[in-house]
Structure formats: C-alpha cells, structure tokens
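Okay, got some structures for you below.
Two complexes, one shared chain (subunit A), two partners (subunit B, subunit C).
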Partner chain A sequence: MRLLIESLGFGIASGAIIALGAVGFTVQFGISNVLNITYGALMTLAAYLGYALLGAGVNVWVAMAVAAAAIAIASALLNRGLIAPLVRRGTGFVGVVIVTVSAGIIIQYCIVAIAGADTISYGQQAGSTVSGAGFVFTTSQLVIIAITVAVMLALHLLLTRTQLGRAMRATSANPVVARSCGIRTDRVTDLAWLITGALCGAAGVALAISTVTFDFTIGPTFLIYMIAAAVLGGIGQPYGAMLGGLVVGVVSQVAAAYTSPAYQDAYAFAVLVLVLMLRPRGLFASGAAARRLTRA
Partner chain B sequence: MSSAEDARPWPARAAPARAGTAPGQPAGSGQPAAPSAPALATEGLVAGYGDVEVIRGVDLQVHAGQLVAVVGPNGAGKSTLLKAILGLARVMGGRVLADGREISGWRLDRLARLGIGYVPQTDDVFDSLRVSENLAMGGYLLGKAQRAERAEQVLAIFPPLRDKLHRYVGTMSGGERKMTAIARALMLAPRVLILDEPTAGLSAELTDAVLTEQVRALADHGHAVLLVEQKARAALRLADTAAVLVQGRVAMSAPAGEVLASPEMAEIFLGGRVPEKGAAQA
Partner chain C sequence: MRTTNLTLPRPRPAGALLLAGALAAALPLAACGGSSGGGTGAPPSGPLNVGVIGPMTGPAAEIGNLMSGACYAAQYSVNQAGGVLGRKISCDLIDDTGDPADAVPNVSKALATTTLSMAVGLESNTAATTIPLVNAAKIPMVSTNGLVAFDTTRDAYFWRMTPSDDQNGAAFVAWAARKGYKRYAVVFQNNIGAQGNEPGVVAAVRKIGGTMTANLTIPGDASSYSSVVARVLAGRPQALILAGDPQTSATFLSEYRQLSGGKVPPVITSTDSITPAYFSAVRKVMGTSYVTHDMFFIGGYVNPSSQAYALYKHAVYSASQVKDPATILGVGVIASIYDGISLMALAMVQAHSTSGPVYNKDIAAIAAGAPGAVTVDSYAAGLAALKAGKKIHYVGVGGPIHFNAFHNSPGNFSASGFTASGNPVLLGVIPGTTVQQLLS
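Up next, the complex of A and B:
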C-alpha cells in the first residue's frame, strides 16, 4: 500500500509536468489546427535557457518565468513568421507538420551548435522532502504541482470567463463563423501561440528541474508523452489534456513501481490504446478538433 | 414566435412591397424609388476556386427590407456565389459592393464590422459553446452592457432559446441549432444578412417555420436578406425577388412570384437549361 501511495505521488508530480506541456500543445492544435512538433524543440530551448540563467546566478523559479516569457515570444514568432504564411498559402495539414518537424530539428541543432551535445544538469534543485498521508514530495515537485494547478485554473478562467477566452474557443470550434462575428481570428491565434508558448517554456524548465541530467533531446523525447496525454484527453480539449497528463503520469509511475522502470512507457501507452479503443475521440470527445484531425 | 412581434429589435425601416419589384430595383410600393445604392450588390462577378470559374458574370442587388432568393439546381454555384461575396472564394472579376462601396475580397471579420452577417449552410454554430456563449460571440464587437441588452432583444425573437441558454449547442436539435445560428448572426443587428440554405436538414414543418417566422420576418423588419435555398418553391413563395442560377450564370431574374409561375422553372431545374441572356428578365 505504501508503495502504491508513494508511486501515486511520483505519478502526480510527473503528470503535472506532462499536463503543463500537453495543455499548451492541445490548445495550440485546437485553435490553429496545426500539430506543432516544434513544441518539443522549444521545450529543449527553454531547458537550456533555464540552464544559462542558473549559471548566471538567477533563481530557478525566476529562470522558469523568464524562459516561459522567451518561449512565448519565440512561439508567437514561429506562428506569425512560418506557420501562418504556410497555412495562408494553402499548405496542407501534413505539409505543415513536416515543416514543424524540420523547424524543430533546426532549433535542436542550433542548440547543439551553441551549447554542445553533452549532458547537463540543473544541479540540486529538488529541495527538502515533504511527507504526509503516505505521500512523499520534494519541495520542487510541490512547487511544480502548484504552478500547474495555478496555470490550469488561470487558463480555465481565461477560457470561460473572458471574451478573449470565449473567442479562442469559438475560433477553435468554428473559425469561419468566428470571423463572421467580427473576431480577428489571426490575432486570437497569435495570442493563443503566445500563451501556449509560455506553457511550453514553463514545462521545459519544470522537466529539466525534475530530470537528473539532460541533453538536446529532452523536449522531443518528452513530446510523445504530451501527445499521448492530449490524444487521451481528446485532441484540442484543454481539460482532457489535464486529465490525460495525470493519467499518463500516474500509470507510468505506478507501473514502474510494481514492475520495472524499463516498462513504464509501455504501460502508459497501453492505457492510451485501451482508452482510444473504447472512446476513439478521447476522454473529452468533442467534435471540431477531432473532426479536423480525422479529415487531415 | 409571433407573440414576440412587438419586442422585435429590428430597425424600423419601411418594408418593401412583396411583389412586383424587379430584382436589382429598390423596394417600394410601385412608386419610383429614390436612387439609393443597394445594401449589397454584385456587378459582373466572376469567382471560383484556384483557376476554375464557378460564377460567371453575376449581377445581383439586395436593398434594405428586401428578401432576395437565389435558387437553382445542384451545382449551379449558389453557395460559391455567397462565398465570393463573403471573401471565402476567389473573386476573379467584377465587383462586390455594399452601399456602393467596393468590398470585393474583404475578410469576414471586416464585413461583420460593416454590418454584413452570415449564416453558413452547415457548421453554423459553435458546437462546443453554450447558447449564451454563442450569443456572446455573435455580439463580440459590442460592449458588455450593449451585448447583454442586445441578447435580451434577440431572445425576445427566439423565446425557446431562453430556457436553453446553458445548453451546449452541440447537444441541441437541428431546429434549435438553426435558431441559435440566426440569433447569433442577429446579435450585431446586421444591415445585410446572408443565409446559405437555412433549412438544410430540417423537416418540412421546421422549414416553413424557419422561412416564414425567421427569414421573411428579417426582411419585413428592414434587413436586406440574401437567401440561397435549395427548396426553391418554399423560398420563392416568400421572397420579394429571385435569381435563378444555372451553371454559374443568372438564368432568370424577376419578382419571385413570376419566377415561381414561370414554365421555364421546371425546365431549368430538370434540364439545367440556360435561357438566352435577358430572355427571362422582368
């Protein structure tokens, strides 16, 4: 029982990072209909920015905020400068995906050119351990969980209580009708890439904090978990991605505790396959985004 | 819905005579009309997708308080005509005008600011939003207080929606969704409303209700309404004027009653014949 509770704790901590990244990834897809594989490379960039800031003596949480802001701008520029023009010129869904893969590889190797290919580490950022009710967390894990919860709450309020958030959901659900309402969907999309870029940056630094050592592959490797969480929750559905992230994190950690860490990914993806067999559009199935993905 | 007649928020514009108004002519009661620019017009419009011309030189005018129906057989280019007007299909020649101002190729959000509303044939609502949120998005360009006031006015037109404000539109019936779509489009009190087959997928009973209680009423209250409709007879019974589109050209253009009574109608619909240019003009 103790093992179960402890592994649940690890799963929640891991799921929080996955959810942080997956929500950004899925919102980006839902609003712009772009499966942005560059997202992983931008997470790596955030992790390296955080590393550079730590080296300059900046506090790790300040470094996370700065990296989130920097990746937010990079993400908006990526959309405005590369993705949106391609979509305007009629490049198909798969074509855009290939371009994002290419852009991601370019970013990765730019990082290698500047920072090298060696593994690096944030050092001891875990902090002291806190235990209660059988759960054991490090303070950094608790802060990451708190940040994730705060971000999810803020995102929920943005999407449901503000005209901008409703406009984002409207653009995601039906861009043509959104434009007919007078919504500048291009600006809404820019803002969405800015916000989701910040989530990507925060997730990149959070991942680096929770990893002993990492290299330039950290983001793309983690991207598969975020895609799994997004698909599990229902692609384009932010609440689905939150839940999906938690499920992927918990299942992989609990499975690792009871079997071997070597199999944890297999268990997480087995759950994904099982859920999709029962609910092909994911847990939070909703029409628009799933239909667009199916059409693509 | 007639009980809500007095509460309807449409501008108090003079409604046109129902018959005898030739397409392209300002509505009126038989008197020569003032030479005002139509609320919406196309002049020699050529449009399509890529290099393919679907619309080939269409002239059309819609005045305030007028319901103009565009009918025609499948594949005639009716929806493409609307899409060209709305900047969703490529305009290759000719012009689109609103109150005499050229708006060819304008984006939909810019057209909305100009007072041109649009209800697509399908995918006409925000499925994953509640009815109240659909209305809020319809009034996106309004301030908060104005939006709330306008929503009250629109709900007076569509009382059944009042009890469903918190329902997600994706869970509603076809008729309720269509009602929501039109209500959403009315939030900005558009001067021109463009409706692409508003009865698509609706039962015969609902078709009558949508066309008479909603579409016709819009024109009666001063909106310029351009209606594309596959159910030609139902549309022609209610429209002021009509244009019959065949193979991207206006094959017949006349007061709706005349088009309905024309023996050429059946031939056009069954055989896709295109009359000589101007032969069937009113």
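Up next, the complex of A and C:
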C-alpha cells in the first residue's frame, strides 16, 4: 500500500511536467491547427538556456521564467516567420508538419554546434524532501505541480473571461468565420504561439530539473509523452491535456512500481490506445480541433 | 568492450511516425566531424589500413574516441619501429554510429572501397551485424564486444582478449563480495550490454550465497525513476550494481539520494562508465566524495607496473592524434585494441604476408608462444626477435593471452575508481579464475 501511494505521488509529479508541456502543445494546435513537432526542440533549447543561466549563478526558478520568455518569443517568431507564411500559401497539414520536423532538427543541430553533444547537468535542484499522507515529494516537484495548476487556472480564465480568450476560441472553432466577424486571427494566433511557447519553455526547464542530467535529445524524446497526453485528453483541450498528462505519468510510475520498469511506458501507451478505442477523440474532446485532427 | 552502458540513447517509443522520422534524422546530429571508413583502395606500397569500427559520431562517440585513441597509439609504436613489412600502418575510422542500421551500410561501404588489413573495435551494440561482414571479408579482427554469443563463435577471423558481459557481471559480484557486501540491488538499463551482465550477476550472487534485493531493468533517459528507487530502497541493499548511461545513472542516483535521506550505497558498475561524461554527470548530483570513494568500475585488467604498459602509455601520450590520453589509459579493455594491433602486425611479419587468410593462424601461434619462443612485450621487441630468426611469444598490456578454441582470452579483471580530478585509478585486481569459479 505504501508503495502504491508513493508511486501515485511520483506519477503526479511526472504528470505535472508532462501536463505543463502538453497544455501548451494542445492549445497551440487547437488555435492554429499546426501539429508543431518543433515543440520538442524548443523544449531542449529552453533546457540549455536554463543551464547557461544556472552557470551564471541565476536561481533555477528565475532561469525557468527567463527561458520561458525566450522560448515564447522564439515560438512567436517561428510562427510568424515560417509557419504562417506556409499556411497562407496553401501548404497542407502534413507539409507543415514536415516543416516543423525539419525546423526542429535544425534547432537541434544548432544546439549541438554551440553546446556540444555531451550530457550536461543542472546538479541538485530538487530541494528538500517533503512527506505527508504517504506521499513523498521534493520541493521542486511541488513547485512544478503548483506552476502547472496555476497555468491551468490562468488559461481557464484567459479562455473564458477575456476578450482575447473568446477570440482564441472563435479562431479555434472556425477561423474563416472568426475573420469575417472582425477578429484579427493572425494576431490571435501570434499571441497563442507566444503563450504556448512560454509553456514549452517552462516545461523544458522543469524537465531538466527532473532528469538532472540531459543532452540534446531531451525535448524530442519527451514530446511523445506530451502528444500522448494531449491526444488522450482530447486534442485542443487544455483540461484534457492536463488530465492526460497525469494519466500518463501515474500509469507509468505505478507500472514501474509493480511490474518491470522496462515496460512502464508500454503500460502508459496501452492506456492511451484503450481510451482512444472507447473515445476516439479523447477524454474531453468535443471541439473543432479534435475534428480537424481526426480528418487530417 | 561492453559499450552498452555508455551513452547510447534508449529506443524511442513507437507510434508517432513523423516524430520517429525526426528523431532518426536527428540522431546523426552528434556527427560534428568524425570520419568514416570510405576512401580509395590503398595501393600495395601504401599504408596498411587498420579499420577501427565503432561509434565515431552520435551519442556513443566517446567510445569511438577511446577506440581510435588506442589505435593511434598502436600506429605510433608500430610505425616508430619501422612499420610492417616495409609499410606504415594507418588507422581508418569506420563509423558504425552505435546503431546496426547505420553500421551495416557504413561497414559494407568501407569493406568495398578500402583495403583493410586488420580490424579492431566492433563493439557490442553493432557486433552481431558487423563481425559477420568483416569475417566474410577474411579480415582478422580483435573485437572489444561483450556479447556472450561470441564466447563460442566459429568465426575464423574473430579474436577477443576481453571478457564477455556475463563474465563481467560475475566480476561485479566478486568485487562486491571482496568489499564485504552481501545484499545487492541490481539495476540495469535496458540495453544489450547491461542485459548481458545480468546472467553473470545472478549466477555469481547465488554462488556466493548473497541476496539480490532487487533485479530491475529500467528504460534509459527517463524523466523519473522514483518508483524504481522506492522498490530498491525497500530491500535495503548494501551495494548497487548499476549499469546505465551517464544521464540514466545520474537521474537514478539523484532520486535515490533524495528519497533515502542522502544515504546511497556504493555503486559497482562497468569500466565502460569510467569516462569524463559519466564523472561529470554523476559528480554534479552526488558530489566528489561519493564518486571517488563509493563508485567501483569493473572491467578487463591491465597491469600498470608492467613494461608493456609503460610502452603503451608512452605511445598513448606520444601519438599526436590522441585527444584524451588519461581516459584511454584508464579504460583497461581499450588496451586490447593496442595489443590486438601489435599482435596482428607481428603475425603479418611472421607470416611474411599482409593477407588475412595467410597471417590469421600466426595470431594464435604468437599469443601462445611455441616452446623456446622469446617473450616480447611490444611490436618493436617482437619485430627485432623475428628479424633475428627467433620464435616469439607476445605478452602485452593485458598480460598473457590464452586463446581458447573459440578465439577468446578473457584474462583478469580490474576494479578502478575516479580520482577527484576525474582520472581513473586502479583499486584492485580480480583474478579471472575467481570469476570463472563463480560462473561454474
């Protein structure tokens, strides 16, 4: 029983990191209809920026904020300079995906060229251990969980209580109609990429804090879990992505506690397949983004 | 050499074809430089090419760096002695990237376009695919792979002077027992070499009457191993037999330290991990004291007080192409590449031929030493003796070579550690006979 509770806690901690990235990924897709594989490489870039800042003596949470801001700008520039022009010229869904794959590879090449291919380490940033009710967390895990929850609430308020949020939802539902209603969908999309880029950057640093040591493959390796979480929750659904992240994290950690850890990911993806067989558009899906994805 | 607990990335989860494609395309990212084995065929009067088949690029490039370094040292010593039958030798780096999918075309291309006189390297991750290619080309090779399958190989051109992975696993336990530990938690990354160690560990623990508190296989480079650590902690082990790449090991040990209140038992692992990358990754999370006092690296033995070692060391430091001499000297199994090249070069001289099918049999003869043969500890000494018309017996950096019917000579084992500056240091020797008894 103790191991079960502990592993549930570990799963929540892992799931929070997945959710942090997955929420950004799924919102980005929901609003812009771009399956942005560059997201993984931008996470890597954030992790390396965090490393550079730590090396300069910056506090790890400040480093996370700075990296998030930097990746937010990089993400917006990526959309404005590369993705949006392609979409305007009529490049198809798959074509744009391939471009994001290519851009991700280029970013990885640049990281390796500058920082090298060796593993690097944040060192011990976990902080002290906190126990209670059978759960064991580090302070850094608690902070990341808190950040994820706060992001979730902020996104909820943004999407439901602000004019920008309504514009985002309108753009997500039908960009043509949204434009005809006077919504500047390009600007809305830019802002969406800026916000989700920040989440991507924060997730990259959070991941590096968790793994402690990493190399240039950290982001793309982790992206598959975030995509799984986003799809599990219903693509385009921030709440779904959060729940999906928790499911992936908890299932893999509980599986590692009770079966061979070598197969912990297999269990998580088996749950994904099972859920999609029962609910083809994911746990929360009902929106346009999910319909677009199932058509794509 | 059991390369698998080094820096190879874990397999990516399947399912996202585009992502997989991206990752596959991204893997050569680390190919910042390096070279492959292409090139034009060497004219008969040109240098004799020594194919160094290993990961020269990619996440495991550090292994290739070690292999090439040992080859350059041998190249230096052989060429300083005048070369082989009037020809210099030249190390030709053939990049297998540590991935069989790349290894087969790259090695095939090298074999088709380059005249190789001998080959070295051929490490665990790709050995099963590259060794048959080299063997079919009738090129004698000294492999550093640790695959158990090659314990009983019938490949005529295959030679190995390092232990296989199960023997290395048993040596882990032999060292742990010598240190007085009886309760072991075994945690291996899910790669080919680490998994190869496991049967030897299990057999040896049973033999000494020890207790295995956990025996777990973990995926590499996961974001968290907390649940695995909790399981290991529950068994209260006295020692961790841990094999993983730097990232995996650092993440695991960091979480162990976190969840155990700072108390982490000693780690026993392979000399494959005694690299700057491993030192850097683990020291940052565990501290210098732990890394220098509580980490033991087990692998093939070299005798640092022998004359052969002194000559090897001189060659390693003298060869201008060697990038990291201290690390190369610290990884014992790498010396088998130097010994292998010296041995094969002497076999060529004895056979008066650089043709593999002609000189291959002389490799065993020189290693065994005929009655009355002169014992030599370097290529130069062997060459001088052969020129003087004498039979020779080569005893190199790894000590006497006793090839069995399957061309294997595992030898003794060393236990090494890190100094505070990250250089390897020899801590003790585990006799090969002790290890064989644990496996019997």
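Assume the second predicted complex is superposed on the first by the 295 of 296 C-alpha atoms of A that agree within 3 Å, B and C clash if a C-alpha of one lies under 4 Å from a C-alpha of the other, contacts with A are read in each partner's own complex, and residues count from 1 in each chain.
Assume a contact is a pair of C-beta atoms (placed from the backbone, for glycine too) under 8 Å apart; a residue touches a chain by one contact, two chains touch by 3 or more.
Keep in mind it's a predicted model, so treat the numbers as computed, not measured.
J.: Could you look at A:Ile98 and tell me whether it touches subunit B, subunit C, both or neither (first, second, both, neither)?
T.: second
J.: Quick check on the superposed pair: does A:Gln108 touch subunit B, subunit C, both, or neither? Answer first, second, both or neither.
T.: Only subunit C is touched by A:Gln108; subunit B is not.
J.: Would you check which partner chain A:Ala170 touches, where first means subunit B only, second means subunit C only, and both and neither mean what they say?
T.: Touch partner of A:Ala170: subunit B, not subunit C.
J.: Between subunit B (first) and subunit C (second), which, if any, makes contact with A:Ala270: first, second, both or neither?
T.: Neither: A:Ala270 stays clear of subunit B and subunit C.
J.: So, A:Val130: does it touch subunit B (first), subunit C (second), both, or neither?
T.: In the superposition, A:Val130 contacts neither subunit B nor subunit C.
J.: Which partner does A:Ala154 reach: the first (subunit B), the second (subunit C), both, or neither?
T.: neither
J.: Looking at A:Val62, would you say it contacts subunit B, subunit C, both, or neither? Reply first, second, both or neither.
T.: neither
J.: Is it subunit B or subunit C that touches the larger share of residues in subunit A?
T.: The larger set of subunit A residues in touch belongs to C.
J.: In the complex formed with subunit A, which residues of subunit C make contact?
T.: For this pair, the touching residues of subunit C are 7, 9-10, 12-13, 15-16, 18-19, 21-23, 25-26, 29-30, 32, 58-59, 61, 190, 216-219, 221-228, 230-231, 234, 245-247, 250-251, 254, 257-259, 261, 277, 280-281, 284-285.
J.: Once bound in the complex, which stretches of subunit A touch subunit C?
T.: Subunit A residues touching subunit C: 3, 6-7, 10-11, 13-14, 17, 35, 37, 40, 97-98, 101, 104-105, 108-109, 112-113, 116-119, 121-124, 126, 129, 136, 138, 207, 210-218, 220-224, 227, 253-254, 256-257, 260-262, 264-265, 269.
J.: Within their complex, state which residues of subunit A touch subunit B.
T.: Interface residues on the subunit A side: 163, 166-167, 169-170, 172-174, 176-185, 286-288.
J.: Can you name the residues of subunit B that touch subunit A in the complex?
T.: 86, 88, 107-109, 111-113, 117-118, 120, 123-129, 133, 136-141, 170, 184-185, 187-188
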